[in-house]
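Here come two complexes built around chain A, the first alongside chain B, the second alongside chain C.
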Partner chain A sequence: MAELSPRLLLPMQRRATLPRWPLRVGHALAAPAALLMVVLLIGPLAVVLGLSLTDYQLGADGLAFIGLDNYQAMWADRVFWKSLTNTALYSMAVVPGSVGLGLAAALLIHGLARGQATYRAIFFLPVMATLIAMALVWEFMLHPNFGLVNLGLRGLGLQTHNWLNEEGLALWVLAVIGIWQGFGFNMVLFSAGLLGIPRQLYEAAAIDGVPAGWTRFRLVTWPMLAPVTLFVVVVSSIKSFQVFDTVQVLTKGGPNKATEVLVYTLYAEGFEFFRSGYASAVTVIFLAIVLLITLVKTRWLDRRVHYT
Partner chain B sequence: MAEIRIRNLHKSFGATPVLKGVSLDVRDGEFISLVGPSGCGKSTLLRILAGLETQDAGEVHMAGRCMDELAPGARDIAMVFQSYALYPHLSVRDNIAVPLAVRRLSRWQRLPVLGPLWPGSRETRRQIDTEVMAAAQLLDISHLLARKPGQLSGGQRQRTALGRAMVRRPQVFLMDEPLSNLDANLRVQMRSEIAALHRKVSGTFVYVTHDQAEAMTMSNRLAVMLGGELLQVANPAEIYFNPVNLKVAEFLGNPRLNRLSCETDGDGRVLHRGVPVGLRLAAGREGQRLTLGLRPEALRFAPWSRAGVRATITGHEHLGSEVLVHAELALGGEFVVARCDALDALPERGAVLSLTFEPGRALAFDAEGRRLALSEPAHG
Partner chain C sequence: MKPMRAWTLSLAPQLARHLALVALALFTLLPFAWMLSTASKPETEVYSDVLHWLPAKFALLDNLRTAFAKAPILRLLLNGLIVTASIYVLQLLVALPAAYALAKLDFRGRETLMALVLLGLLVPQHAVAVPVFLLLHTLGLLDSYAALIAPWTLSVFGVFLLRQFFKTVPNDLIDAARIDGLSELGIVWRVMLPTAWPAVTAFGIFSVVAHWNDYFWPLIVINSPELLTPPLGVAQFRNQEAGTNYGALMAAALVVITPLVAAFLLAQRRFIEGITLTGMK
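Coming up: the complex of A and B.
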């Protein structure tokens, strides 16, 4: 070992001096992305967090630090709790509905010998359409007097409803629209997931004597779709928590706050009552919930659905 | 008793014929390999045996029963896939247990939580567990039973797949290139393990491979397929030393069979570019073109004489115990490879010599590749 030539030593010496300048270059290369992230994401988030601790009103000249007063007010606010409950109820209807329907549609389409693309396009249409425009169409359909839904029910001799103005009904009608709008997207994701399942697994199942149908679905399809399902559930949850368009167009949170949801509350507080500080506090809570859903996904569920 | 009788199978994918009338009898307890280059239809034949594909025409009988209307699960078969096809979310234990569980447990007994409480379920489950353990022990994977396939090496996955295949003790094992995803060392090891498994479980094995070494070492018989047809079915030695077709002869053997283009003269003597090679065609006519096939180990070099086939040595490949000597023939420009013992005196590179061979090992084929009979070496 005493005869190590200088040429052999050289790489080691170089290595010792290497890290310094590439680190700087690395930082420089990452800087534009980091800057954009600060300006567009972290900055606004910090502003919202800061505002939620003030009494700022949109357009006002000054603001005062009021600590956690906004959060205290929110805790005592009946409308906020109503809004949070409504959002949770809406999610609990829309997430299983749109995930289940999306999976069912994907399975049915996957089994078709022909016309797969056509059916996928039909079910995907509501996703591509502007929800505000579609909400207007729904408004006509649900109109108590000349709406298609009531006309149909009347024709069948069934009881009609004032769908969007009955307190016990309005939120569920919005949920149905939410499912209709969202399940096409889930269907496309499930379809992609189904295409990714290796054919050999189904063949192995056939040779092992696994009967087609439910048993095969439980043994092969469902476990193999687990990563897609997790993703779909998380995305659907976050999207359903963000529901706003249909509420704004169809009910404006009514009747009697029956369809008041989180994003609508923060919109109303911030841009109708101009209570920006309070709206910021609602936003912080909203973001915390979304963050929680994401954390549950990455920390806990991810480990259970990926098999390698 | 599980002999397999295959009669006149035809199969096309669209306009492409894949099997053109394949007939084959596999004996009970035999290990038969279907070999051939990729695209020759061997995998399709295996999948028809498994019931994963339906033939356009022809019949498959196993143990005297017609299989053509039976679903894969209803045939008494097991299959091992190239990709292993293990259920990734199930442990090794559960993977191996699947064929038993779906057959012996009712739908309700299989339920995840309530199932074990169902009447009779516990007894059956214990029995299944015992059989899974036995299979795992035979394959030396009993210490891996709790693992998921993702935590196993390629060889361990293949053993698990074998376990799932043999746990039900089927009469017929179908294997679709089960070793081709393994590295070379492991492949050699698994080769002998599968052969040993065949002796232990006494089933009929149909083994598809494109690897001639696998086919030659493991099987009782080889079925050589090419272009959707069976060219020859025989034991490995017969196929190697006595091939019926030039393509069969070329497919087996490494390095490949050497080819010399030849023709006959009026006496039926075989000439290479006008030079007699010391052979006579049994039923030859004048001017018949033929191909002489010579295995590398049958070739020798002798000092150059005017009457011989002139060859120039172009190089050597040392493989340890043996050396491959490459040479170019002067008249036809053909290249030949001879397998020589490394301890023998080797011809120098650039040396000009006469090519000789053991006359008894020469193979003659006509222009269509059919084997021609050679008679005893002629004089001159």
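Coming up: the complex of A and C.
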């Protein structure tokens, strides 16, 4: 106690004498971020809402308030509904696919005596590699005449396909690419979750006579992983609703709108046809869906997460 | 004898795991292998209707030469570097002081700002694309480095992550620095930044990977060939060749993914940590 230097006592005195100065300093330090927040986020969100009620087109002299006409046009537009359905279908394939494979990979790696890091690095590689570059690789793999997939199928005497140009196939091919690209990311999250499960739980289960394997997974691992699973499902859903790169580069929404998805519609309307008002309305719906996924899934899964 | 028995007993399940994982690894690596194989084949072999992995004549260098001659690959890489580095530096310059203020200082509007940061975490980039594009158009900034960089200077995720980290820094450390005569800004750079190093590198990896690989935004704002970013450039190369020279295209794709993949293989753990943060965005 005798060693308490005046240095250590000083802060209290300073706090007493200068209680207000961090107030203004706080504003100064947060100001750039706050300003950019208004210019790049809050402002734009307000503008999107506003523009969606106008007929604005980039380059037009003026704009007129048209109420909900854009939304009515969207409601009546076959392409918009196709786009919405496709995005949902894509998501319903990619989310279970990438979450399932991610969990399987994490579980398989978790019990491994050696080689853990190598497998992890391999599965994570597609997450790192520029998706556009890899999409072009997939395009050539799926080339109808000279691609790996068809050459392989032909070698086995099986039926070949024009994978990206058949209406019934293209979306599912894109989904496979999405799963290929995304499951390694989910694997890492699940791996972290598995490491967080206390070893004692497994020991206790063993003592209680819970057999190893499926039963132990169902009774211990799965409930303990529930929060991670919720997180992974939400993140994967949101990501799959934003699918764009592969669509833009491989199919342009075709054939015959079979791979038209929400962000591609938004892109085409806003930045190819420059119908800013209509694109804003599409954006509002897109954003509403993304926020809804977060909300509903969190609520719904939250209720099932409690295991105590 | 007993350990031996245990060893043979555990061998079978281990082997089964490896079998399943190898199958999954083959699926994962297939496109990379096909890319390398195609990039190494001369044109006659690329357009062969017999499946073969190893080229009879090794043509990787020829294909690389063609790619560098027909696409401005060095320019793409340089642009990628300029854009990702500028974005990261500016994001830090904005986020560090704000994160410090949100974590350690008292000011009116702090709760509001924090709420906006959390709201921002939920908003995908596509949601603000139309108005930000119109803003750049109005300012005459489309088709410039500014258009590629400026919209990303605020990373709400960066602010959030650093703020969480700064929360754990003891107040005594900050008070001591104040007594030593450091200004609040000085505290941010000389005290908070060094302690937050793990968060700063993780965020850096996250930011650089996200913007190096981003396609949506550059596609919207860039027209000039000298401003193309790596993904945009390789897509453009594909369009101009219209599927006639896959050997060179695969070589170009290889070059574009190499910087990040190489960095990843050198520092796997850090990269996995950094990228996994994207999940929180």
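Methods note: the second predicted complex is superposed on the first by the 263 of 308 C-alpha atoms of A that agree within 3 Å, B and C clash if a C-alpha of one lies under 4 Å from a C-alpha of the other, contacts with A are read in each partner's own complex, and residues count from 1 in each chain.
Criterion: a contact is a pair of C-beta atoms (placed from the backbone, for glycine too) under 8 Å apart; a residue touches a chain by one contact, two chains touch by 3 or more.
From a predicted model like this one, the values you see are computed outputs, not experimental measurements.
Undergrad: After lining both complexes up on chain A, report clash or fit for chain B versus chain C.
TA: fit
Undergrad: In the overlaid three-chain picture, which partner chain does A:Ala64 touch, first (chain B) or second (chain C), both, or neither?
TA: So A:Ala64 meets neither chain B nor chain C here.
Undergrad: Quick one: chain B or chain C, who's touching more of chain A?
TA: Answer, by number of touched residues of chain A: C.
Undergrad: Mind working out whether A:Leu158 is in touch with chain B, chain C, both or neither, as first, second, both or neither?
TA: Neither: A:Leu158 stays clear of chain B and chain C.
Undergrad: So, A:Gly111: does it touch chain B (first), chain C (second), both, or neither?
TA: A:Gly111 sits against chain C, while chain B stays out of touch.
Undergrad: When the two structures are overlaid on chain A, which partner does A:Leu292 contact: first (chain B), second (chain C), both, or neither?
TA: A:Leu292 sits against neither chain B nor chain C.
Undergrad: Figure out whether A:Pro223 sits in contact with chain B (first) or chain C (second), or with both, or with neither.
TA: Touch partner of A:Pro223: chain B, not chain C.
Undergrad: Thinking of the overlay built on chain A, is A:Gln248 touched by chain B (first), by chain C (second), by both, or by neither?
TA: In the superposed model, A:Gln248 contacts chain C only, not chain B.
Undergrad: Report for A:Ala206: first if it touches chain B alone, second if chain C alone, otherwise both or neither.
TA: After superposition on chain A, A:Ala206 lies in contact with chain B alone.
Undergrad: Now for A:Ala129: first (chain B), second (chain C), both, or neither, which partner does it touch?
TA: In the superposition, A:Ala129 contacts chain C only.
Undergrad: Classify the contacts of A:Met92 with the two partner chains as first (chain B alone), second (chain C alone), both, or neither.
TA: neither
Undergrad: Give, as a whole number of angstrom, the minimum Cα separation of chain B and chain C in the superposed three-chain arrangement.
TA: Minimum C-alpha separation, chain B to chain C: 8 Å.
Undergrad: Name, in rising order, each residue of chain B that touches chain A in their complex.
TA: Answer in residue numbers: 50-52, 71-74, 77-79, 81, 83, 85-89, 98-99, 102-103, 107, 110, 148-150, 164.
Undergrad: Considering the complex alone, what residue numbers of chain C touch chain A?
TA: Per the touch definition, chain C meets chain A at residues 10, 13-14, 17-18, 20-21, 24-25, 27-32, 34-35, 38, 46-51, 93-95, 97-98, 100-102, 105-110, 113, 116-117, 120, 122-124, 126-135, 137, 151, 153-154, 156, 159, 172, 175-176, 178-179, 184-185, 188, 209, 212-213, 215-216, 219-220, 230-232, 234-235, 238, 246, 249-250, 252-254, 256-257, 260-261, 264-265, 268, 271-272, 275-276, 278-279.
Undergrad: Touching residues of chain A toward chain B in the complex: what are they?
TA: Interface residues on chain A, with respect to chain B: 198, 200-201, 203-211, 215, 219-220, 223-224, 226, 307-308.
Undergrad: Could you list, by residue number, the parts of chain A that touch chain C in their complex?
TA: Within the complex, chain A touches chain C at residues 7, 10-11, 14, 22-30, 32-34, 36-37, 39-45, 47-48, 51, 58, 101, 104-105, 108-109, 111-113, 115, 117, 119-134, 136-141, 143, 145-146, 148, 151-152, 154-155, 180, 184-185, 188-189, 192, 231-232, 235, 238, 242, 244-245, 248-249, 263, 266-267, 270-271, 276, 279-280, 283, 286-287, 290-291, 294.
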